[in-house]
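Down below are the structures I want you to see.
Both complexes below contain subunit A, partnered by subunit B and then by subunit C.
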Partner chain A sequence: MDSRITKGIKNWIIYLGILSASSLLLDAKQIGSGEEFNWLTQAERFFEMKDPSVRRVALGALLMGISCGLIGSFVVTRRLSLFGDTLSHAVLPGVAIGFIWAGEKDNFSLMIGAGLAGFAGVCCISLLRKFTKIHQDSSLGIVLSAFYAIGICLLTRIQKIGYSNQSGLDSFIFGQVSALSSDDLIGLLIALGFIGIFIVLNFRQLLATGFDPQFSKSIGIPNDFLQFGLWVLIAFCVISSLQLVGVILVSAMLVIPAATASLFSKRMKEYLLLSSLLGAGAGLGGTFLSFLGKNLPAGPIIVLVSSSIFFLILFLRPEKGVLFRWLNARSVQSRIAIENMLKTAFQIVEQNGFEDNEISSLEIMKRRGLSRAEVEKEIENLAHSGLATKNLSSNPAANLPPQTVLTLTPKGWEYACRIVRNHRLWELYLTDEAHYEPDHVHDDAEKIEHVLGEETVRQIERLLKNPKTDPHGKLIPSITDIHQGSLSRST
Partner chain B sequence: MKPQGLPIEVHDLTVSYQKKPVLYGVDLEIAEGSLVGILGPNGAGKSTLIKTIMNMIKPNGGYVKIFGDAPQKGIKRIGYIPQKESVDWDFPVTVSDVVLMGRYGHHGWLSRIGQEDRNKASECLEQVNMLAYADRPIGNLSGGQQQRVFLARALAQESEVYLMDEPFAGVDAVTEKTMISILREMQKSGKTLMVVHHDLASAKEYFDQLLLLNMRKVAYGSVPEVFTHELLQKTYGGKLAVLSEMATKVAKAS
Partner chain C sequence: MNLIPKFDPVRVFLEPWSTPELISWNSQVILMGLLVCWASGMIGSFIVVRRMALMGDAISHGILPGVIIAFLAFGSLDVGPMLLGACLAGLACSFSIEWLQQNSPIKKDASMAIVFTSFFALGVTLINLQTGHLDLDTDCVLYGEIGLTPLAPNITLAGNNVGNRSLWVMGLICLIIVSLICLFYRQILVTSFDATLAHSIGLPVKSIQQFLMLLLALSTVASLESVGVILVVAMLVFPSVTASFFFSRLPSILVCTFPLGIAYTFGGFHLAYWLDCSIAAAMAITATVCFIAALGLCPNSFLWKIVAHKKSPHN
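Entry: the complex of A and B
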């Protein structure tokens, strides 16, 4: 437990470091534009935290980020995203009714109203599920839009009537940080407290019901109670965050940090820690950027920061990331191109009875059906990898411009033999063991030759008893040939 | 010491989903140390029977007794493997987390999982040959490996009675052999096991007793008694069975 907190704080400090470093970078880019002074002082003002309103907003965003990240982990793993969305929209009429009841923007009555409306929304969903065959996503959609519509009607009504102190009420739709009061902060703190206590006390039970509800029921874990507890906490989290991000975007904060954490978390504890850190990071980062940008609204910026982090991680993460896969595919493609060139070179030398080691680019162009430029580029690649050397044609008799001539290095020759061997062994394997017709095997071998591992090759050799020729009667270069380079390199 | 009742006793059990009966007047008495296969077509009420015994579904009539007691009291003495489909395989848990869940029933609400439990979990993983995978996310495993982990979790429960719902579904032949030998060992150490199974041919070899179920208990007894053409026809035949019964009658009459 202790180590988790210290780890959290450590991560937090690292985050702050990165944040300040990035802000410095931002400033550096602004040099010369005449605005850098302004930006720098803004950033300084933010980090000094002397301004009470900045302090309040930053603290609020931080608390909200942690709460949403924690409870969001359960929202995402239990596929309750749409539920969170519905709940956040369903509280809006409650906010309006709370206002009408109190006659002013009194936080307490607004919260009560929101809570009751949220409860009514959940009841509607349960009733729809119980008495109709409508699927849950549809019933969530119905409740969401109906409640939201009621809320908008009521809010418009209030504005038309013209209450004395109605300012800031529409901030519940989009959020408005400037109206954030210290009461709101207390609300956020209480929500976080309840969420934390609930998770710590029921961690094991939540794990079991989330993974395997039937089993957890069988060992006497009260699934329904836990589910209800989560609903109440989601409602708490939504209501307390309304002032910051508003009813529409709060569900994004429930989903995005947790979804980001799901990209790499193997275990629930990691998941919770990462998700709450990402939520907190987005909260603070968003506050910082909106402060820096003067007129930018904090709520949407927080959500934007959160989703940017998500896409960045999706793109950059190792192994599964888009960038990594793209690079990997490129390296495989370039390897295949090199191997195909080597194979062509081998075939040309073979055709000449292993007498002449020089391979002209013209010959390669003919065999591969490639343009001069393409062949030149591939020859360049071979030379660059140390598999071949490049010369100009030594035949002055022709009137043509000098030709590029290729000679394989010992390393290149060995590689070429290996590829040809893979190809021909595979053809033989297909005809002899899998009983393919000899004219069916070439295309298959063209693909397989690049992916046959050393071990599979040995296995096929044993199966076919170290064959000498392929189904088309051509020589299969043997291992000893390859190692001694005795096919032709003896010259 | 009062004599202990049968591990599982089911009396005139009727269960319905939305007024449609799934099980109807089922009686069953399972003796200690039995290895019972439950056979029946889809929708025959096999899973429902197991869930009702586990007290997860309330019956409309009749009762279940676990060691002579109400099922609520006996629940701690039963281990359970649910159907694969009811599990969220993408959930962020590792193999060892899952096996540790088998120990949850031994702890109160707030007591911590200790080193002893972890040792037990490793031991059970070893038994199903999955210790090397302890730190893998459960979603990364193949279907057969996942079922082995579930068997390890059941072992970690250290129950006296086990109810398993299709533990061999989607399992490769090697895993199936390993699992059945573990079930045999469990039986030898005095455990009582009821296993829902879908393959008739192997059911004959795997189990000592068979329960043929199709809404009603068609038959319960030792394999040679129950595994007869007539009884299987009755269980699986459905409407065709009635038809052929009538057809034979007509044939005899003419």
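Entry: the complex of A and C
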């Protein structure tokens, strides 16, 4: 069974290897199309950090990752994930108004406008929640589309009126790293500062309101105030990150690192630390990757990096990861298959009165209702795990291809006895102690026989006073039978 | 240079319908608007009941990579491949959200946010990698321009010119959606309100859910061209929420979609004519105005409560 798992893992590794190799090849092709573009020198340039623009972008991505990760962990635990999305869309009219107010693309006024619009959006959502029975998701949809519509209306209006320098506004939708200025960095730093201070000051209260609102209300924590503060901070975080990743992808940065961290952290402090680290890592990694290729936009690459980290961790994390669960399920399934085979073998030997130790595959096919190929495969498995040996039949039927014949090894025989014993004991237990009808107990026993532990079996045996036969009158192999090795010779 | 032009009723309401050319152009725009409103509104009523209002948002973002890949694979901006790619990507998006929700500890909202932003990021990256030889207008995908509907090529059927292609596609999809909802009304209704009951009476709950997602993806993709990614959400959410202030039964809400669609389209069209802005955005603004009006005027609105509260201050 272990060898099967390692085989599975080996297959996976090969598969992943091929995948990554092909993606590398693709990358190489992409990069090769650029003229004097060498990704080694680019990487060197990135790591040297001599370029002020590189330094600025990397620092910005780092700051954004940390602040989004911090606030995002509250977003994810409070199920506000789509709130970030809504807010990031809702700032659009503010951006447009800020633009009209300043008459040109001036970061400061855009920020102020976005801040006001985000605040208005937060107010609208809380008003809708307070005064109507509309569900949270619908009210988010309403605020999102209403604000965004107003924003687009204003933007198209600006285009029609013909302001000269309006091209920079596009960067608010997709983000434009090259236009990142030191003002934006200061904005990011201030946002991070506010978030840090808020979380440090209100850590206990936030914890209480997040996990048990009724309790926190009863000990006098201002729930609504904290909730509102959190919303404003989300808006702040969104606005400061706009220039880097753009309107739509900000919500990704809020959610993905925190969701990744939630896969393995149990305590809030650890969770905050992990998600801010993951955010920062994704920020830096994404900037680095986007720097390697030509035409690679930093914002979406940052998001892609963080979502790949998320999926990798989801698949590969120990014990609960999808891959591990799958492997585990497979090993359990193969164990059950082997046990069923052994049981069938026992039944066949029993039917022959424990005289003949050879079990033909034809018999197994008849009993299990399986095809020839399936039975051959299972016999192969048994032989592989040392529970049986297989030969070709000595007396083949006239018009059939040569049959495989199975003989259980002592180890296999002991195992088979144990399974049959589990099955029959359980049937007896159900009829005697739980008062089931004898014809109702088979299916249940069929499932439980694979999971009964030695201890439980002993207990049942003691309870039923070492029975010899099951409700159908068949023999229950006892421990002494098993340890003496062969039923056939003792009976 | 003034932001809001002077309101001139003659110019706003009569000028669009003054000459035969304008009438034929604008009626196509209006028809498109109506079709989009009705198709999205019908689906939206069920989506809102299921508390998945932002699923439309998620799917509409999620289809971006599908559109781009279809473009790269077929090398053309034809409707067929685009629609196919977008539908596949939309379904992939909704499947991944479902899968993530069931196979990981991630909650519903977070899994939605993770999946659609990842899809969208992939789409944007693909667009950026292909700049130079891709003339896909990102603005068009994001905002949509319903005013350009009449520019779509005409379909000729057996030598006869039967009219605008976009209109036919949207009309067909609207028809499919309305007739499927009528046919399977009971099943969709039961699964939307009480999945456990539906399961116990033997309905295939999961396949109905997927079927609804397919319809949502279809209507989203078809209306994308005219109203753009984000305003699809408006057309999904607003009609049913507005109607639910006055009616509590689903059939009435569904019927309400039709007059509301007419109001949104005509209101938006003339608003856009007045302000000289995007028609789709103006339609969403009209929908917002209708929503606020309904909020204020509905039988148990908070306005009445405030009035009643002021009358009896010691209560």
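Methods note: the second predicted complex is superposed on the first by the 439 of 491 C-alpha atoms of A that agree within 3 Å, B and C clash if a C-alpha of one lies under 4 Å from a C-alpha of the other, contacts with A are read in each partner's own complex, and residues count from 1 in each chain.
In this section, a contact is a pair of C-beta atoms (placed from the backbone, for glycine too) under 8 Å apart; a residue touches a chain by one contact, two chains touch by 3 or more.
On a predicted model such as this, the values are computed, not experimentally measured, just so you know.
Q: Report for A:259: first if it touches subunit B alone, second if subunit C alone, otherwise both or neither.
A: second
Q: Regarding the shared-chain residue A:221, is it in contact with subunit B (first), subunit C (second), both, or neither?
A: first
Q: Identify the partner contact of A:271: answer first if only subunit B is touched, second if only subunit C is, both if each is, neither if none is.
A: The answer is first: A:271 touches subunit B but not subunit C.
Q: Quick one: classify A:81 as touching subunit B (first), subunit C (second), both or neither.
A: In the superposed model, A:81 contacts subunit C only, not subunit B.
Q: Regarding the shared-chain residue A:300, is it in contact with subunit B (first), subunit C (second), both, or neither?
A: In the superposed model, A:300 contacts subunit C only, not subunit B.
Q: Looking at subunit A, which partner touches more of its residues: subunit C or subunit B?
A: The partner making contact with more of subunit A's residues is C.
Q: In the overlay, answer first, second, both or neither for which of subunit B and subunit C A:211 touches.
A: Once the two structures are laid over each other on A, A:211 reaches subunit B alone.
Q: Could you list which residues of subunit A make contact with subunit B in one structure and with subunit C in the other?
A: After superposing on chain A, subunit A residues 262 contact both subunit B and subunit C.
Q: Hey, which residues of subunit C end up touching subunit A in the complex?
A: Those in contact with subunit A are residues 1, 3, 48, 51-54, 56-57, 61, 103-114, 117-118, 120-122, 124-125, 128-129, 131, 138, 142-143, 228, 230-231, 233-234, 236-238, 241, 275-278, 280-285, 287-288, 291, 295, 302.
Q: Quick one: in the complex, what on subunit A touches subunit B?
A: That would be residues 77, 201, 204-205, 207-208, 210-221, 262, 265-268, 270-271 of subunit A.
Q: Provide the residue numbers of subunit B that touch subunit A in the complex, in ascending order.
A: Residues of subunit B touching subunit A: 51, 54, 56, 75-76, 78, 80-83, 86-88, 91-94, 97-98, 101, 104-105, 109-110, 113, 135, 137-138, 153, 157.
Q: Can you tell me which positions in subunit A touch subunit C when the two form their complex?
A: Spelled out, the residues of subunit A in touch with subunit C are 30, 76, 79-82, 84-85, 89, 100, 131-132, 134-135, 137-138, 140-142, 144-146, 148-150, 152-154, 156-157, 160-161, 173-174, 248-249, 251-252, 254-256, 258-259, 262-263, 295-297, 299-301, 303-304, 307, 310, 314, 322.
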